[in-house]
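What follows is a set of structures for review.
Look for subunit A in each of the two complexes below; its partner is subunit B in the first and subunit C in the second.
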Partner chain A sequence: MQQANPSQPTRVIARHPGAHLAWIGKGFLLLLAVLAIIVLVRSFFDNPQLFIQIVISGLQLGFVYALIALGYTMVYGIVRLINFAHGDVFMVGAFVSYFAVSYFNLHLWPTVVFPGIPVGVAVVIGSITVILLSMIVCAMMAAVIERVAYRPLRTAPRITALITAIGVSFFLEYFGALNFVFTARFIPYQRPFSVVTWYIKDGIHLVVAGQAAPIGSITFSNIAIIIMVASILMQVALQFLVRRTKTGKAMRATAFDKQTAQLMGINADQVISITFAIGAALAGMGGVLYAIAYPSINTLMGILPGLKAFVAAVLGGIGSIPGAFVGALIMGQAESLTAGYISTPMRDAIAFSILIIVLLVRPTGIFGEPEGEKA
Partner chain B sequence: MLLEVENLNVYYGAIHALQGISFHVAEGEIVTLIGANGAGKSTTLRTISGLLRSRGGSIRFRDQEIGTVTPEQIVRLGISQVPEGRKIFAPLTVQENLEMGAYTRRDPSEIQATMQRVFASFPRLKERMNQLGGTLSGGEQQMLAMGRGLMSRPSLLLLDEPSMGLSPILTEEIFRIIREINSQGTSILLVEQNALMALSVAHRAYVLETGNIVVHGTAREVSENPQVKNAYLGIAS
Partner chain C sequence: MEMNPFSLVISIVKIVAVLAWLYGLLRVMGHASKWVKIAGIIAAFGIIQLAISLPLGGGFTILNDFDTGLLFQACTMAMVALGLNLIYGFNGQFSLGQWGFYGLGAYAAADITFRWTRGDASGLLVAGLGVILVGLVILGLNRYLQRYRSLPVLSAFTLFLIGTVIAATVALVIGAPLGRMLSPLFGTSNSPGLLSSDLVLQVVFVLAVLIAGVFAAEVSFLFGLPVLSLGSDYFGIATLGFTIVVNTLMVNTDTILPFPEMKGGRGMVGIPQLTTWFWAFVFLILVLVVMRNLIHSSTGRAIMAVREDETAAKAMGIDVASHKLLSFVIGSLFAGIGGGVYAHYIGFLSPGTFDFITGFNPLIIIVFGGLGSMTGTLVATFGWIFFLEGLLRVVLGYLGPEAPTWRFVLYPITLLLVMLLRPQGLLGKVEWGFLHPPAAKQRKPEPPAIQPGPVEATPVAR
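So, the complex of A and B:
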């Protein structure tokens, strides 16, 4: 660490031409933060129900972004590649579940195989099966993409692989848009289970189908709960995998230094494939849950959530798994609060404003360590 | 013969780093490869480990050709390398680093037994089991690197400059452990710049100069070679 010399501040600036820019950025950010907090506090006291409602929808969004962001950050951690096709894997996850439900009634298999099974149990098992199928298909697809498109470029300059990733992304989007694949239309999505909504006003009550919740109440749905639980479960499972299992330790070792990992007898290519597959499985699950929450799907549906999850990963510190999670929750709130209090179209702008601010002020993100230490 | 290297030719682009070198390591031996900076010592070890490929020539381990075998498979065959500069996995704990050394092995109780043996040689590592590898001192990192290299229970251990950056006392200690490892039955190919120390533990030695072996023989013969005395041992002849 270099100590700044207070008597010669000009030299510090001279050494880092971007230093004063970062200062302006920091000041600007601080101002923004203060403004945002004032606005939020005022909004909260003006109408607490509305505020909580917005936070809940932000959580729902944030937890989906978390599922996608984990894949970005894991893949970046191990091969230093921003896998821009990741958002499209998310889209494929949604479509796989669409076909499974609307064409093959996969969600109903328990009632077919075990006719006497209680309806509730059947729905749960059926829905989990649908999600698992999407996860498996996405995992296999990502492993193939890695093998075909990225592995041959392992030793090429990073920009080559990055451009290839964008190419793969376009391929998935527009191949999917062909008429004999997913078509380019927006397709109404059939949920494997139905939405149940509750409202909170003097206790928790069920919203009767076809009726609106009373004015001034806070509503939440089973979908929001499922998304949060699933996302947290995946985060915990991933932490366990990475910290405790042999494969997870090999992933961390390979991410840190691939050649030395090979000297330990670790098959680095295999570990990299596994990393892509896990990230894709999580994105696939995210795709299904997103489609269930916002039931209209299209081959371009992965672009914006993918980019926002990418921003979340950068915000949290790309390469850091807890960072991706925290970043995603922040992104969900930023988007939801912007849509609620400023204007709906602004919500996409805010995501990319955050990206720009992070890159200016703290490019390594919240949990990130300075680059360069890694081999 | 444990390891038999013949006519290695390794290139980095247009740079001809190894220009047809041949040498061998017999079962139970400590063989040292000495040479100045850039002579090609690390290149030799990296080629044996499968990270680099030779153009022509052959590398035979227990009479099996390993010139085209993958690095991870070579570890399974029984060759382990402690790379130059330690290359500790900084974000992993000491224990996890050692576990990575045993990656190719399955039986947890046997791995545990090997780890206890490593701790017996390097008691310092045991005290620091849960410390992150990156926070160890240079000397401790060297011990960890050697311990990690032993965790696969290799029959041939490749050591790349184990004394680099260590104090004289620690260097003595490391060389004492090298002898100890060897006396327990592990053959060693030792790359060193510290020719004096290397020749004092080795049975045989090869001197590498810009990709060619220029002198070889028993450690005694090599240390008495006037050219070696002059260039590597700092003794005017």
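So, the complex of A and C:
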């Protein structure tokens, strides 16, 4: 009679029947990944210009999503609330800048106040003023929303806060859609500065207004660059804020353990308000830049970008700031590649499929830390 | 609808009357005698039917077409909300995918009857055969895979997926030619064939609804198997993604999916209107009975134990994963049935009805009514539909063209107020009549009231 083999693998299999079949699932995922890579590589070699063009537009979208996603991830990290109203804060940001530009000509104030100022400097200062105004209004609005709608529910079951967030979101959308507020129509957005497009073909050239770029060239615009630069700047600033300042320390402490943080003398309510305000300011900025890039605004415009940004935050690992950034870039690429190569309406479906697959492989997202205990 | 104080009073009276009717229905269904129950259900149906069809002179009835529509809507919505309450309220899995399953059911059932009335039985045959075969494959594989307890979820999912694809292909290969062979039986539009009488149509309708329900349940099995292993919020997001994916596919039924008759984003027209509120009522009663019996069975207690504490449930020998899956599948079955009934009322389906924004409605309803309370769900559904569609419409009637927008301004405010004032839901844990735990079980000392969901227990001030 043979003695049972005491070697490790056999025992594991005996105790966990079926564990050796893990290759089926991994193989399935691998197959999907290989297929996706084959499709991408083939489309790259078919038409490299088109591919790069699509990637550039995906980057533009991704960096806007990153701005919104940062707010989602910070708020979720601290209060564990999916703040559905965040996308509507983004919408409000776009509308504030619309009114500032179209009704009050705020972007022209430097030329009015200092008549001799060079045009370029005036445009830059004026645009920055518009963006700052949107950010401030959004931050204040988010702080008010937090105070009125979320703070009274701090101790209530989490689902009530979620429903409240949905309610706030509905309220902003439909209150904004009333005729005396913003109206429900799509409104053409007047840009504070004009969009300039360049094309790359044997060097960088300016696209003359009214003319199309030559076939086979890659075009990019100043707004794409502005979005990328602004998004990266905000990312760096936020990292600095969270990692290096006292407020950031308080935020991290509150996110880690609210009760203990309060015992250490941190005003958790204030920290949460600040978090909401910062997130909303970033979303407001995103709203302005998005409206400049896609100049048609509507009170329901925040729903889908907000949702995508939220998905991006989850994809990157919710609660992690670099994660939100990376997730947003992935979302932007996924969306624009799908729109370019498969079909435009399918882009939402693909984006969510990627989310589901990533969550299956890494349940806490790409940068997320594994959850120790139940929240 | 014109605004006057009279119509305002009328709509409030209607809400109260409907809720009283619901209370009476549940009370009489809770009667010990089987015959009283059946008589009570028939009487409850009769009362409403009388109110709908009894002429008061001048073409007026107690409940006009609009109210009947609301009743119908409330009945289908109640099925969806009950299903979601099973998933979230009783099993604690935060799902936003219910609306997707509702839409799947609606489109599946609509396609079957749509094809049938145009002399094409292949819809019914392929769908029916497919549903049965896939069901058999899933059940068989499930039994077979029980022996591999530690099979990774993804591997199990892959196996189920392969099995489903094979079964669906077989159904397509067998069903489609069979449908073509049967089509002479229908005759043409000029000379109706043997199988196009009203009675047969009603049978086909019921079959289509059941098939649609099972179809939704099977999809939910395949989807839930891997996704339920995620944590609560992540599961919610993944199911939200499901709703959005389904909605996107609905918009692309004619371009990406091979269903030109669904007409993509323009909406599916020409679905036979095979139902009045009768079938919605019948299916609601069915769903109610199934759900109540499930909840008060040992399986139901296991489902609730999973909600309370997964670790403790596991320690008691409950298979947590399969109970989560079970409640998810049954909840989706209810949603699919609700959708199937809904599709045949106005004969028009639009993807806009099934977008994820509207998909929050069932969630709002069950939180309103109280998580883990079937009565709460019912009351909240009927109250919500009659409030939002009836009362608010009347109140805002004189605001002119902006009324629909005002409705959605006042609705979130109501929502916020209810959430701030009564976070545990309107009815909390109250159950009426029929939905009470059976008397025999009540003699044992009951554990203290159970708190809902993955949610922390909050002291309820008394």
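Everything below uses one rule, namely that the second predicted complex is superposed on the first by the 338 of 375 C-alpha atoms of A that agree within 3 Å, B and C clash if a C-alpha of one lies under 4 Å from a C-alpha of the other, contacts with A are read in each partner's own complex, and residues count from 1 in each chain.
Heads up, the rule we're going with is that a contact is a pair of C-beta atoms (placed from the backbone, for glycine too) under 8 Å apart; a residue touches a chain by one contact, two chains touch by 3 or more.
It should be emphasised that the depicted structure is a prediction, and the values quoted were computed from it without experimental measurement.
Asker: Which chain, subunit B or subunit C, is in touch with more residues of subunit A?
Answerer: C
Asker: Which partner does A:W23 contact after superposing on A: first (subunit B), second (subunit C), both, neither?
Answerer: Only subunit C is touched by A:W23; subunit B is not.
Asker: With the two structures laid over each other on chain A, which partner does A:S353 touch: subunit B (first), subunit C (second), both, or neither?
Answerer: Touch status of A:S353: second partner only.
Asker: Could you look at A:N267 and tell me whether it touches subunit B, subunit C, both or neither (first, second, both, neither)?
Answerer: Once the two structures are laid over each other on A, A:N267 reaches subunit B alone.
Asker: For A:F175, decide between first (touching subunit B), second (touching subunit C), both and neither.
Answerer: second
Asker: Quick check for you: in the superposed arrangement, does A:D257 touch first (subunit B), second (subunit C), both or neither?
Answerer: In the superposed model, A:D257 contacts subunit B only, not subunit C.
Asker: Both subunit B and subunit C touch subunit A; at which residues?
Answerer: In subunit A, no position sits in both the subunit B and subunit C interfaces.
Asker: How about subunit A: which of its residues touch subunit C in the complex?
Answerer: 15-19, 21-29, 80, 82, 149, 152-153, 155-160, 163-164, 166-171, 173-175, 177-179, 184, 303, 307, 310-311, 314, 343, 345-346, 348-349, 352-353, 355-356, 359-360, 363-364, 371, 374
Asker: Name, in rising order, each residue of subunit A that touches subunit B in their complex.
Answerer: 246, 249-250, 252-253, 256-257, 259-268, 373, 375
Asker: What residues on subunit B touch subunit A, complex-wise?
Answerer: Within the complex, subunit B touches subunit A at residues 49-51, 70-72, 75-76, 80-81, 83, 87, 89-92, 96, 99-101, 103-104, 148, 152.
Asker: What does subunit C use to touch subunit A in their complex?
Answerer: Subunit C reaches subunit A through residues 94, 145, 147-159, 161, 226-227, 229-231, 233-234, 236-238, 240-242, 244-245, 248-249, 251-252, 255-256, 265, 356-357, 360, 363-364, 367, 371, 402, 405-406, 408-409, 411-413, 415-416, 419-420, 423-424, 452-456, 458.
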